[in-house]
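Structure incoming, see below.
Chain IDs A, B, C and D follow the sequence of writing; residue 1 opens each chain.
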Amino acid sequence: MRQARVHRIATAGPDDVSGLDEAIAAGRIDPAGIVAILGKTEGNGCVNDFTRAFAVSALSAALAARLPPAAVARIAMVMSGGTEGALSPHILVLERGEAEADVAKGPALAIGVAHTADLAPEHLGRMGQVWLVAEGVAKAMHDAGIDDPADVHFVQIKCPLLTAERIAAAGARGADTATRDTLKSMGLSRGASALGVALALGEIEAHALNDAVIGSDFGLYSGRASTSAGVELQNHEIVVLGMSQSWSGPLAIDHAVMADGIDIEPVRAALKRLGLEARGQLASEERSRLVALLAKAEAGSSGRLRGSRHAMLDDSDIASTRHARAFTGGALAGLTGLTELFVSGGAEHQGPDGGGPVALVVDRRKGES
Amino acid sequence: MRQARVHRIATAGPDDVSGLDEAIAAGRIDPAGIVAILGKTEGNGCVNDFTRAFAVSALSAALAARLPPAAVARIAMVMSGGTEGALSPHILVLERGEAEADVAKGPALAIGVAHTADLAPEHLGRMGQVWLVAEGVAKAMHDAGIDDPADVHFVQIKCPLLTAERIAAAGARGADTATRDTLKSMGLSRGASALGVALALGEIEAHALNDAVIGSDFGLYSGRASTSAGVELQNHEIVVLGMSQSWSGPLAIDHAVMADGIDIEPVRAALKRLGLEARGQLASEERSRLVALLAKAEAGSSGRLRGSRHAMLDDSDIASTRHARAFTGGALAGLTGLTELFVSGGAEHQGPDGGGPVALVVDRRKGES
Amino acid sequence: MRQARVHRIATAGPDDVSGLDEAIAAGRIDPAGIVAILGKTEGNGCVNDFTRAFAVSALSAALAARLPPAAVARIAMVMSGGTEGALSPHILVLERGEAEADVAKGPALAIGVAHTADLAPEHLGRMGQVWLVAEGVAKAMHDAGIDDPADVHFVQIKCPLLTAERIAAAGARGADTATRDTLKSMGLSRGASALGVALALGEIEAHALNDAVIGSDFGLYSGRASTSAGVELQNHEIVVLGMSQSWSGPLAIDHAVMADGIDIEPVRAALKRLGLEARGQLASEERSRLVALLAKAEAGSSGRLRGSRHAMLDDSDIASTRHARAFTGGALAGLTGLTELFVSGGAEHQGPDGGGPVALVVDRRKGES
Amino acid sequence: MRQARVHRIATAGPDDVSGLDEAIAAGRIDPAGIVAILGKTEGNGCVNDFTRAFAVSALSAALAARLPPAAVARIAMVMSGGTEGALSPHILVLERGEAEADVAKGPALAIGVAHTADLAPEHLGRMGQVWLVAEGVAKAMHDAGIDDPADVHFVQIKCPLLTAERIAAAGARGADTATRDTLKSMGLSRGASALGVALALGEIEAHALNDAVIGSDFGLYSGRASTSAGVELQNHEIVVLGMSQSWSGPLAIDHAVMADGIDIEPVRAALKRLGLEARGQLASEERSRLVALLAKAEAGSSGRLRGSRHAMLDDSDIASTRHARAFTGGALAGLTGLTELFVSGGAEHQGPDGGGPVALVVDRRKGES
C-alpha cells in the first residue's frame, strides 16, 4: 500500500526554504518521495513576476543538496504568483511513500505523475496538444492507481509555450503555429491542456472539440484542471490527485466547481462530503483538518457578476487577475477561515467563464485544534 | 411618524446620475427628502482619486436642477473610492419623509443628521475634535429620535483635514497643529472623529481618552463609526443610523464588529438578528431583502491574519487599502451573495486593528426573490 | 488679417478652471474666439482614466457661463491623461481673432478647424475613414488659409470609436465592422485617422494604402498627426496648425519627427529653425518663448531602443504608455527645460514605430526671461 | 602600476549571468580582480522588489564556481531595482589588476574598497554612523591611492538597516535606536552614510552636523555619495571611485551635481571635461566611449520642478521613485543617447532636494563607433 502526504509550509519570502529544510531535517519529509511542489509567491502573477523563478531556483538548490540532479529535475515545481489581499505565501509539498503500519485503509488520496513527449510547436493550442495531454492524464491516472475518471479530483499541469525561436523552427519546417504572439501562446497552451484533461476525464466528448473552440468557446471546460505555462519545458508535467483503494492514510480529496467568483456553496458541499460540517465559517478544529485548498479565479468576460457591474476588466492600474485572486481568495477565506490558499489565475477552459474549479484535501482524523 | 428609505442604485461610471434621475422622475425618490448620498466609485481610493470629486460634481449638478442651492449643500455626500475585485460601483441614497399609511409601526430605521461648528485647526486630531464630534453625535441622535446609544448602529462622519493655509492661519495666532503633514492630518481627523463617536455612544469613557492615544492606541475604537476626511469642509457632517420607536416602515438596521478581515460570523449573527437565516451564503429571497451593507476594511498593522503572513503592507505596487477592500469585500460577498457593498478603507479607531465595523440595513418584508 | 493665440495655463487638478476664468476675466482670452482646448490631466491615460471627462465637464461648465451651448459644443476639447514623471498638468487654449494693429505681418501660426460627417461604424478603421479624414483635413487647411501641405505642422484629431450599440446597428443593416473589440476599435480609429492625415498632406500616396495596412504596417505613418478616440462623437473634430501668409502675429510653428523615444536632435533642429539656438538645454530667455510642445510617445513594438532591451512591454504593474510618456517626457524636458509639455501616448501610424511627431509653437519676439 | 576596468554588460533578466560568464570565459574579465558589481534590475525598486536578491543570488552562484567563498563574499554587490521607461537592465563589473604594458600612464580611474566595523544599532542614523563611514571612506581612498578628496568622484556605499531583532538587542542593553520603524531606518542609514561621505570629502564640516540634521535638513548633502541599505550586512561596504596618479589606463571619471531632475547642463560640462564634446546628444563615436553613468534621482519634497507642479508625490498607483527614475533617466538618455544608465532612487543627503549626483566614466581613447 502507498500513502500520500501533503505538507503545507509557510514561506517568509520567495526564496525561503527554511521550512522545507526543517521538515526534511526533522524527518517529516523524505526528499526522495517528493513528487511535486506547488507554491504561492508574492509577485504580481503576470509577465514580469520573477518571484516564481526565484522560488524554483531556491527550492532546486535546497533539494540538490539531498538528491541527485535527475531526481530534482523530475519534481514538478509549479509556482503561482500573486498573494493579493491576505492570501498567505506558502508551498504545498506533495510526497508519496510506503503506507505507515497503522493508518486507515483506503480509499485515500492518490498521487500520480506523468511526463508527455515534447510537443511540436505547431501543435500547441491545437488538437494535437489536447490529445497529447489526454494521453498523459491517462498515464498519470494509471501511475496513481485510479481507474475511474470520477475518482480524479484535480489535475495540475505545467505546459509549454511558444518562443520566437520555436515559432521560427516550426516555420523552417514549413509548419505554421496557432499564434505568433508568445504571450497569447500561454493562454492557448493552458486552454488546450485543460481541454485535454476534460477529454481524458470524460467531461467533454472528443467530437465536441476542434482547433476553433480552443481559446474561444469557454462554455467548454474541465471542472478539475489547473494548468500553467512555463518557458522551461517543451513537454507537459502532469500531476493527478484523486481517490484510490490502493492508497491508504488519513488524507482524502474532493472538488467543487464555482459558477462565479463568490459561488462558495459548492465548496461548502464538498467540505461536507469530506466530513467537515462547515456551518458558517470552518471552526477551529475543522479548519486544522483542511490541509490544502486549490482554486482557479478569474474576472470573467462579461464585466458583471450576478448582473452587477465590476471594474476589473477596465482597470489599467491593476491586472484583472490580481483583482480576481484577491476577491475570490477573500470569499474562500471567509468560508474556511484560512488564508494559506492556493488561488491562481489564468483559467481558460478551467471551470466556467468567471468561475473555476476548487480542490480540497482534508485530514479525516478528528483532532484538537 | 417618520419613515426612512434607502435606495441602492447602480452606477455606470463616477458621473452616472441616470439612475438617480430616473428614480426621481418616477417618484420613487423625493429629492427634498434626501439627507445623504453615500457612494462607491471606481478610483483607487487614495490620494489621487478624482472619481470621488467627479461623482459629487455630477450629483450636485443633477440635484441643483430640482433643489435650491442651500438644500443641495445640506445633503451629506460621502464618496468612497475603490471597488476592487468584483465590488460594484453604486450609490446609497438616504431619504426621510412622512410614513406611508399602511406601513408597519416602529421601531424602524431612523436617520438623524447634525452639522458641528467649524473646527479650529489646532484642535484637529486632538481632544477638542473628539468632544466636538461627541456633541454632534448627540445632536444627530436627538434629530433621529434615538435616546439610547445602544440603538445607534452606524455613524457616518465627514470631517475636515489640515491644509497648508489652515496650518499657517493657526500658526499666525500662535497656535500649533497636531501635525504639519496634510496627509497625516486626514488619518488623525478620521481617528479623532471615530473616538468622538465612541465617547458619545459610551463605547469608551472620557477618562480613557487624551491627545496621546489619538492615532496611536488602536485598542481604543468605536464599533459603529465610519469616518472620512475631505478638504471641502471645516466642520463635521454627521449622519446617525439606528432604530427608533418614532419611526416606522419595513427597514431595520443592526451592526457587527469584525475582529479581522475574514471574520464574517459576527456579520452572520447580525443578519440573523435582522431575520435573515443566512445558512451559508444568503439565498436569493433573503439577498433581495438586504438593502445595504456598510463596512470598514484595513490590512492591520501586524502583517499577519490569524498568524499567517500577508504581503499587503510590503506591496509597493498596490496600496494596502486596495488589497484590504478586495479581500474583505470578497469575504462579505461570499457571505451575502451581493457585490454592491459599501466597503471602505482608512479605519483608524473604527473597529479593532485589522478588523472593522459592519452595518446592515434589511427590509423586513418577506418577498419573492 | 487674422491672428492665432495659444495660452498655456497650469492647472491644480483635473477640474481646475481658475486659470481660464482669470484669463477671460482679465481680457487675455476672448471666449468667443476659442477654437480648441488641449489638456494634460493627471490620470493614467488608459481605460479607467476619468480625469479627462472630469476636465471636459469642468471646462464646459466654465464656458457655458459665457457662451451659448452650441458655441461650447463647437470647441474641440482634447484631454490627454498621464503626466508621468515631472510632466506638469496644464491646458493649451487655442484662440483665433482679428490681428492686433501693430503685430508683425505673416507668415504666422494659422489655425483651421473642420468637422466631418458622421462615420458609419463599418467604415471605422478602414479606408472609408481614411478618405473621410483626408477630406476633413483639406477643409481645415482651407479654413486656416493654408494651401501648401508643407505648411501644415500639426493635425490634432478627435475621432470616434465602436461601441456595442454601434456594432449592433451596423450588423442590423448587414454591415460588418473591422473589429468587435471596442478597445481595439480605438487604436484602429486613431490609426486610420492618422493615415488620413498622411494622405491629405501627401506623406503617403493613396495606392500604398488599403484596409489591411491599417493597424498593422507601422512603416506607414504621418509625421504631423496626433489622434485621439472618444466615445462622445461619431464624426471627427479636426484642428490644423500651420503657417500662413494670411495670418499675422508673433507665433510660429514647426515640427520634427523623433525616430525613437530619445531622438531629441530633430527637435533641436526644429527649435533652431524657429529661432531658438538651443545650445544644450534652452536657456531661460529662449525657454520663455517656447509656448507649446506637443509630442507623441510610445514604447515601440521591438522591446528595444537602439539595441538595448527595455522592460516597458513586459511590465504588468505600469502600462507601457505611462513608461513612454515619462521617459520621452524627460528627454524633451531635458532639451527644453520645460515640464508643461503635451506628451501623449497611443501613436498608431503617428510617427515611426517607437518614435513620434513633435510640434513646437514659438513666440518670435525676443524678450527678457 | 594598477589599472581599473569597468565592464558594462546587458542582462536579459534579473538572474541572467550569461554575459558575465562569457566575459570570464573569453578572458576579458578575471574573476579574482572583481571588486564590485553594480546592477540595475527590472523590479519596482521598492519594498517588495525581489529582483535585487534574485540577481545577487545568481551572480554569487556564478562566481562561486570560480572563486573561494570568502572571495565571493568580499565582492560588493549593489543591485538597484527599477528600469522605468527605456532604462535598460545591465550590470557594471568593477575590476582591478596590474596595468597592461602599453597603456597610457596616469592619472586614471582608481578604485578603492573598505569595509567598516559593525555598526551598533543605536548608532544607525546618528553621528556614530557618520563618523564610522567617514573613517571608512578615508580608508578606501587610501586603498585607491587617492590623497586629495577633490580627486574622489563617486562613493558607493552599502549600509545596514534596523530589524526588529537588532532594535530589541539594543534595547536589551538599555540602548535606544534612532527609530523603531525598520523602513524608516533605511532612509536614515542612507542619509547618515551620505553625510559620512560629505564629511570625509570636506563637502561639509563636522561642526555643521549633529543627530538632528540627519534625515531632516536636506540642504546638507554630498555631491558624490550614492548609498543603499541592505538587510544582509551590519557594517558598511565602501567603494571609492576617483582619479589617481598611481593608476594607469584609458579610463577617467568625473562627476556633476544636478540641481533638479532635468538639470543636464552640469552633466554636459563634466562630459566636456572628460573630452566628449557633447554638442547636443552624444554622437555615436563619443557615445561608445561613455562606459558608465551613475546617477541618483528623486521627486523632491516641494511637489514642483522649476515652479511647475508635478503629480509624483500624490500618485498612489506608482511610487514617486519610479516616476523620478523614468523622468530623469529620460533626460540623461536624451543627453547621452544611452539607456544603459545606472539611475537609482532614494537620495537622502545625496545631492540637493529634488536633484542628485551624477558620475561619468569615460574611455579616453578615440575610436570608431
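One rule holds in what follows: contacts are C-beta pairs under 8 Å (C-beta built on N, C-alpha and C of every residue); 3 or more make two chains touch, one makes a residue touch a chain.
Predicted model only: the values in this text are computed from it and were never measured.
The interface formed by A-B recurs in C-D: of the pairs listed in B-D, A-C or C-D, only this one shares over half of its residue-numbered contact pairs with it. Chain centres here are Cα averages; for chain B and chain D they lie 48 Å apart. If you average the Cα atoms of chain A and of chain D, the two centres end up 43 Å apart.
Shared contact sites, meaning residues of chain A that touch two or more other chains, fall at 42, 44, 48, 311, 314-315, 317.
Taken together, the touching pairs cover every possible pairing of the chains.
The touching residues of chain D, counted against chain A in their complex, run 13-15, 42-43, 48, 50-51, 53-54, 57-58, 61, 317. Interface of chain C with chain A (complex): residues 44, 46-49, 311, 314-317, 319. Contact residues of chain D toward chain C in the complex are 10, 12, 42, 44, 83-90, 261-262, 264-265, 268, 279-281, 299, 305-306, 308-312, 314-315, 317-318, 322-324, 326-335, 337-340.
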